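Look for subunit A in each of the two complexes below; its partner is subunit B in the first and subunit C in the second.
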Partner chain A sequence: MAAAGEEKTVSDYIVHHLTNLTYGKLPEGFERHDGDTVAAGGEWTFAHGADEIAAMGFNAVHVDSLGWSIGLGLVFCMLFRWAAVRASADAPSGLLNFIEMIVEFIDNQVKDTFHGKNKLIAPLSLTIFVWVFLMNLMDLIPVDVVPELMLFAGVEYQKIVPSTDPNITMGMAIGVFFLMLFYSIKVKGFGFVRELTMNPFNHWAFIPVNLFMEVVGLLAKPFSLGLRLFGNMYAGEMIFILIAALFGAGVFWLLPAALLQLGWAIFHILVITLQAFIFMVLTIVYLSMAHEDH
Partner chain B sequence: MNINLTIIGQIVAFLAFVVFCMRYVWPPILAAMEERQQKIADGLAAADRASHDLELAQKEAVDRLSEAKKEASAIVDAANKRASTVIDEAKAAAVVEADRVKELASAEVEREKAQAREQLLSQVSALAMAGAEKVLAAEIDAEKHAALLEQLVKEQ
Partner chain C sequence: MEMIYIAAAIMMGLGGMGAAIGVGILGGKLIEGSARQPELASRLQGTFFLGAGLVDAIPIIGVGIAMYLIFVVAG
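The block that comes next holds the complex of A and B.
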C-alpha cells in the first residue's frame, strides 16, 4: 500500500515499514500513546510508535525479526534433516541433489580456507550460509504484502527481513565471536594472551599499546561481520521501500517504478547470495585465524 | 534500530541451529557422499581391471590360435607325406605283382605252347603215318618201314 493519502504521508509510510513489532517492558509512570499511565512495576506489552520502543530500552524483543529468523532457521533444519535422512550412496535426485550440491560447495570452501581439524567449522558454515541466505531472501517478497496482511489481522508492525535488524546480524556475529575466543584459548592457551600483548611490538614496555591495538582489532571482526550484512540488507530494503513509495506519487510513476522494482529485485538476487557467502567466508577465515599459532 | 533482548535470543537460536546441524545434518550427508565417491572409485577401478583382463585374454586367444594353426599345418604336412609314401609303396607292390603275374602268364603260355606242339607233332606223325600207309599201302611193309618213320619223328 503506497497511498500517501490524507492522513498518511510518505515519511509515515517509510517509518511504519522500518518499525519492528516490539514486545517489551514499559517503565513505571510512562504515559502511553492513548493517554494511559503505566502502573507501578512497569508493564510488558506491545509497543506502539518509536517513543514507546525507545522507552523500553533493552527490555524488549523484536517479535517479528526473531520469529522470522527462528522460523527460517527451522525451515533450514527440517529441509536439511530431510536430506540427511534420505541421503544414501545411490544416485541422488531432485531436491536431494540440490542440497548435496550446496553441502559439497560449502565443504570445498571450508577445505580451501581452513586447514586445521575441526568438526564444527563445516556445519557452522552451512548453517550460516543457508540461514543468512533464507533471511536475505525475504527481501525479495514485495515490501507491502506481509505488513498489510498482518495489519489486516490486527498486528501493527511487521518487518519480515530479519537480516535488516542489527540484533539479528550482530547476534550471529557475536556467536561467531564466542567461537573465535573459545578456539583461540583452546588451541593456543596462554599463547593467546601473548598474541594480544606482545604483538606487533615485542617488548614489555609496549604491552598497553599492543593490548589496545590487538583488542580493537579483535573486536572489529564481529562488528564488521555483523554490520556489513546489516548495512547491505538495510540499504537494499530501504530502496525497495522507496521504490514502493514511488507507486503512490502518481499514475505516471507506475511504469518507471515497476521497472525499477524489477531491476532492483533482479540485482538483489545477486546481493543476497553474495552477502550470505561473504558472511560465511569471513566466519571461516576468522575461525581459521583463531586456530593459527604464531 | 535498537539493540535489545532480541540479540540474546538470536545468539541462542544461532548456537542451537549450529549444534543441530553439526549433530544431525552434516555427518549423514557427508558420509553418504563419501560412500558414493568410494563406490564410484571402486567401479572405475573394476572397469580398468576388466579392460586390462580383456586385453590379456585377447592376446592369449591370438597366441593360441596361431599355435593351433601351426600344429594343424604340421599335421596336414605329415599326413601328405604319409599318403605319398603309401602311394609309392602301393605302386611298387603293384609293379612287382604285375611282373609276377606276367611271368606266370608267360610261363603258362610257354607250357601250353609246348603241349600243343607235342600234341600237334604226335597228330602230324599219326597223320603222316596214315597218309603214308594209304599211299604206300601195298608196297610198303609196315613192319619194315616203321623203324624209318620213327626215326623221322625223332628228327622232328
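The block that comes next holds the complex of A and C.
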C-alpha cells in the first residue's frame, strides 16, 4: 500500500488514488516540487501533486481518463466488429451469442421507448450502453493493482475508472445534449422555439416565465445525466478505496476487509450495469422527447 | 472540525431514509401490479429496476461525499 521509505496516512492514500494523471501547462515562474522554477512562456509537463494541478488550471488534460476511455471504446468497436463479421443464420455459440443478445436487448429497448423515425438512435444506444458499461467495469479491478504497477513503471498517478472523472461523464452528457438540440431544431423547426416560449402558459405575456422554466428544465437534463453516473461511480470507487485502506489497519482486519471487498464488488456488479442501462434509457427518452412534435 | 462528522451523518442518514421510503413504495407497487397482472410482471420488473436505480443514486452519492468528508477533509 505505502510507497517504500515514507509513512503514508489513510487520507494520503485516498487522495493519491483519486488524483488523475494530469498533463498540462505550468505558468511562468511557478516553483516545482524539486525546486526548479518554470521558464518564461510556461512549460507543458506532467503534474506532481495537487498544487501543480491547481496551478495548471484550465490548460490541462487527464491523460489516464482519456487513454482508458478511448482504449475501452476501441475494445468495444473491435469486439462488436468481430461479431458482426461472423454473424450468420446458423445457431451462434459462446461470445457471439452473448453479443447478439446485447444487440437484441438494446434493439427491443429502443423500439419500446423511441417512437420517432431515426436510424441513429439504436447504434447510439448500443455504443453508450456498452461503452459506459466497460468504463464502469474498470471499477471491479482491485484498486491497487494498476496504480501500483504504474508506480513501478514510473508513472505517479493512475485513475483507471474513466467514469469517476466528471470530465468524461459530463462530456458524454453534453454530447447527448447537442444531439437533443440538433434533433429538436431539425424535427420541429420553429416549433422548438414555440415549445420553449409558449409552454406551460399559452399566452404572450408569460413568454419570459415560460422561457426561464423551459430553459432550466432543458439544461437540467444533461446536468443530471452526467452527474448521476459520475456520482455513483465516484461513491463506489471511494468505498472500494476505503475498504482497501482497511487492509493496512492490522492483521485482524484482513478477513473482514476481504469479505467487505467481495460483498461490495458483488453489489457493484448490479450498480455498474444499472447505471449504464439508466444512462442509455435516459438518452433514448430525451432524444425521443426531441422528436415529438406537439 | 467536529461539525463535519455531524454533516456527514445527516447526509447519510437523511439520504438513506428518503431512498428507503421511495424504494419501499416502489417495491410495494411492483408486487401489487404484478399480482393484478402477472403477465406484465417481467416488463414491470425492468421498469422497477430503472426506478430503483434512479432513486438509489442519491443516497449512494451522499455516502460517497460523506466518506470523502470524514476521511479526507476531516482526516
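Some points to look at:
The definition used in the following text is that the second predicted complex is superposed on the first by the 289 of 294 C-alpha atoms of A that agree within 3 Å, B and C clash if a C-alpha of one lies under 4 Å from a C-alpha of the other, contacts with A are read in each partner's own complex, and residues count from 1 in each chain.
We take it that a contact is a pair of C-beta atoms (placed from the backbone, for glycine too) under 8 Å apart; a residue touches a chain by one contact, two chains touch by 3 or more.
As the structure is a computational prediction, the values presented were derived from the model and not from experiment.
Partners subunit B and subunit C fit side by side in the overlay (superposition on subunit A). Shared-chain residue A:Ile174: touches subunit B; no touch with subunit C. Of the two partner chains placed around the shared chain by superposition, subunit C is the only one that A:Leu242 touches, whereas subunit B remains out of contact. Within the superposed three-chain model, A:Lys186 lies out of touch with both subunit B and subunit C [touch as defined at top].
Looking at the shared chain after the overlay, A:Ser69 reaches subunit B, while subunit C stays out of its contact range. In the superposition on chain A, contact of A:Ala87 is made with subunit B only, not with subunit C. When the shared chain is aligned, no partner comes close enough to touch A:His33: not subunit B, not subunit C.
Which of subunit B and subunit C touches more residues of subunit A: that partner is B.
In the superposed model, A:Thr127 makes contact with subunit B only, not with subunit C.
Between subunit B and subunit C, the smallest C-alpha to C-alpha distance in the superposed model amounts to 13 Å. Subunit A has no residue lying at the interface with subunit B in one structure and with subunit C in the other. Residues of subunit A that touch subunit C in their complex: 9-11, 14-15, 228, 231-232, 234-236, 238-239, 242, 245, 271, 274-275, 277-278, 281. The part of subunit A that touches subunit B in the complex is made up of residues 22, 24, 53-54, 56-62, 65-66, 69-70, 73, 76-77, 80-81, 83-85, 87-90, 99-100, 103-104, 107, 119-120, 122-124, 126-127, 131, 165-168, 170-172, 174-175, 178.
In the complex of the two chains, the subunit B residues touching subunit A come out as 1-11, 13-15, 17-18, 20-22, 24-33, 35-36, 38-39. Of all the residues in subunit C, the ones that touch subunit A in their complex are 49-50, 52-54, 56-57, 60-65, 67-68, 71-72, 75.
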